[in-house]
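There are two complexes below, and they share chain A, which is joined by chain B in the first and by chain C in the second.
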Partner chain A sequence: MPEPAHPFEARVRSTLAEHARLPVDVETLQVYDDLFQAGMTSHASVNVMLALEEEFDIEFPEEMLQKSTFESIEAICTSIASLSAIGDPV
Partner chain B sequence: MSATQIHGHEAAARAGAIAADVTAAAADDVDTRSRFPFETFEALQAAGLLGTLIPVEYGGIGATLAEAGDTVTELARMCSSSGMILAMHHLQVACVVRHGQTPALQEFMAEIANEQLLLASATTEVGVGGNTRESICAVMPHETGFQLEKAAGVISYGSYADAVLATARRNADAPKSDQVLVVCRAPGLSLEQTGEWNTLGMRGTCSPGFALRATGSQDMILPVSFGEISERTMLPYSHVLWACVWRGIASAAVEKARAMVRAEARKNVDVLPKGAPALAELVMQQRQLEALVQDALDELDRLDASDREGVPMSFTIAMNTLKVAASRLVVEIVSGALMLCGMAGYAHGTPYSLGRQLRDAYSATVMINNTRLLDANAHMLTISKG
Partner chain C sequence: MTALPGAPDSPHAPLGALTDPLSEAQATPPACRVGVDLAALSDVQAGLDAHGERYLQRVFTPHELDCCRTPSGWSLQSLAARYAAKEATIKVLQPSGYQPDWNSMEVRRQPDGSCALVLSGTAAAMAEEAGITSLSLSMTHEGAYAAAVVFALCGSPPDAALSLPGGLTPGLLEFAALNERKKADA
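This part shows the complex of A and B:
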């Protein structure tokens, strides 16, 4: 069954392409693929977090700052959605 | 294994007795000749203390991390190298116990306890510097299961260990950061020494480089990623257990300073010895070091008690902070004790000699370099409140 695309998946992919320093093309990754297994380091993941905050004008709360929040495109999209839902009712 | 099973809360007292009876007398020889503290580890094995962190159901003592840390401190008071070797062994055991809940690794745990196996670690590699979160070598298929070749920059007490836990890329295609932890052991393990260990301090840990070659069955590869093992267990436990070594070194130094002040006070009871105010400062710093260790243990307890999956960034920052702060404090404490003891502390062969403690203490800031940890924290604090 095809996965429902998140409305901002493309922006997440482009942020990853710019900051995750993956040894593979982000476009080749499925949304559930583990980004850390794909080669994202802890150091790069912090840069991704910062870039996502800037891109989506959000602030990740302290309890979300852990690997599982950023381990896949799906996880990132879900996290952003949960924060956007609070800030933006549209 | 000892005939009488000891409990976790008794482990430190047992280690303390070994430290006093065996370790103390050998410490200078271990340091001078840069040799493995055989007699201490034979005594620890006889007492079952290499199974300190193995759960009781697998034949171990089932101690808490705090209790295991106390065993390390007891040894380090007499011989820093002995304390550090035990700390590193406990650390490897903790990784297997938490992350190795498979039948084959549970059997290995029972063997550690019953045979009193000594575990070492090969997490650094020639070509990646001190960054343990990257590997060049990879786990390869072999008729027995897996095959691994690693140019290990350092394997502490590698020549004396019964098993070595090595990091490697998951397979030939995996990126550098996608690592697993592999238990390498006889008969499939060969270690060829590639360097010398002739250092300022911690000389008894005997930690040269080795060319590691290992084969073994697939079920000796821990079932979770090394990234998870590292952030959940290896890094926090190493910071805490090493701080327990430094706590022991600091305790030895303060004890010598105290002995000197007391001797002077007894000679002239009406006059406060001139070293007494400095002793009060040292005791204050010693309490700070103790508080750092306790705080880290409390953080770990809170994480264990919470039902959250994964490790919050704030926890990693707190553990790195413990390491940097504690490693600085131990150097300050031993230096302060040296100032207090003066020439008697500077000279070898007096009851107040502090040369060995001072040299050993300096390893604290270099092993897992403080600059690297502060850089990591600085980076994380761009997004975390810590």
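This part shows the complex of A and C:
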């Protein structure tokens, strides 16, 4: 199996597998595949958001509450990276 | 034959003048928006199971939680209907960027048992920007799903909206009252 392109990818996939309630195997999805097209409901995306917050010890601010933040594995990884960067000590 | 006061041929009303606010509203109907959403009870159950109190606090207001609490636990139907109402409201607000926080859209139970929408914070700001002057809400649930429809009037002052047929709803009153409070606070 190839290495994940993003350092968070494996943990994001694991979170999606547990909380996104997708009708397809998360491992079959490409990083740019649309998760809502794949069957994730808006409510399931809320559960994913809460799970990601717990997994990565972050909090999604209101400004990031939009479909595009959670629409793909890549988008989620990018969002987490931006939030984690904010939390890094300078 | 005696003409009724206000009738077109009555001496009390100038010919051709439409002073009835209902007629004026019908002559220039305000723009409207509608949003609908369907929520699965199983998604609510999944949120409760996985995140418990954090899920409840993040998505629902204290008043909503009071309304959804039963002696035997949480009413999934009531929670799902309220979630659907929030999503339907987001569709009405049509945010160009991020969506408002769920807690800024509250389903407020009225004394007569009906429910109305009360917006605050970002949701209220988005409604104001969109020119929304009144909101009306309807919710339902059946089996494994709950649904909500939100109807909004845009571009008319609340007083005019209240004079429209069927416009005297708790949702309109709440929103008009909110607007009045905002004006008073300004």
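Heads up, the rule we're going with is that the second predicted complex is superposed on the first by the 84 of 90 C-alpha atoms of A that agree within 3 Å, B and C clash if a C-alpha of one lies under 4 Å from a C-alpha of the other, contacts with A are read in each partner's own complex, and residues count from 1 in each chain.
One rule holds for everything that comes next: contacts are C-beta pairs under 8 Å (C-beta built on N, C-alpha and C of every residue); 3 or more make two chains touch, one makes a residue touch a chain.
Remember, it's a predicted structure, so these values are computed and weren't measured experimentally.
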Contacts of A:Pro23 with chain B and chain C, given as first, second, both or neither: first
Contacts of A:Leu65 with chain B and chain C, given as first, second, both or neither: both
First, second, both or neither for A:Met40, with chain B first and chain C second: first
Touched partner set for A:Leu50, first chain B, second chain C, both or neither: both
Where chain A meets both chain C and chain B, residue numbers: 41-43, 46, 50, 62-63, 65-66
Contact set on chain B toward chain A in their complex: 133-134, 170, 174-178, 225, 227, 231, 308-314, 376, 379-380, 382-385
Sites on chain A touched by chain C in the complex: 18-19, 21, 41-44, 46-47, 50-51, 54, 62-66
Chain B-facing residues of chain A, complex: 22-23, 36-43, 46, 49-50, 53, 60, 62-63, 65-68
Chain C residues touching chain A - in the complex, by the definition given at the top: 37, 39-40, 42-44, 46-47, 50-51, 54-55, 58-59, 83, 87, 95, 97-102, 122
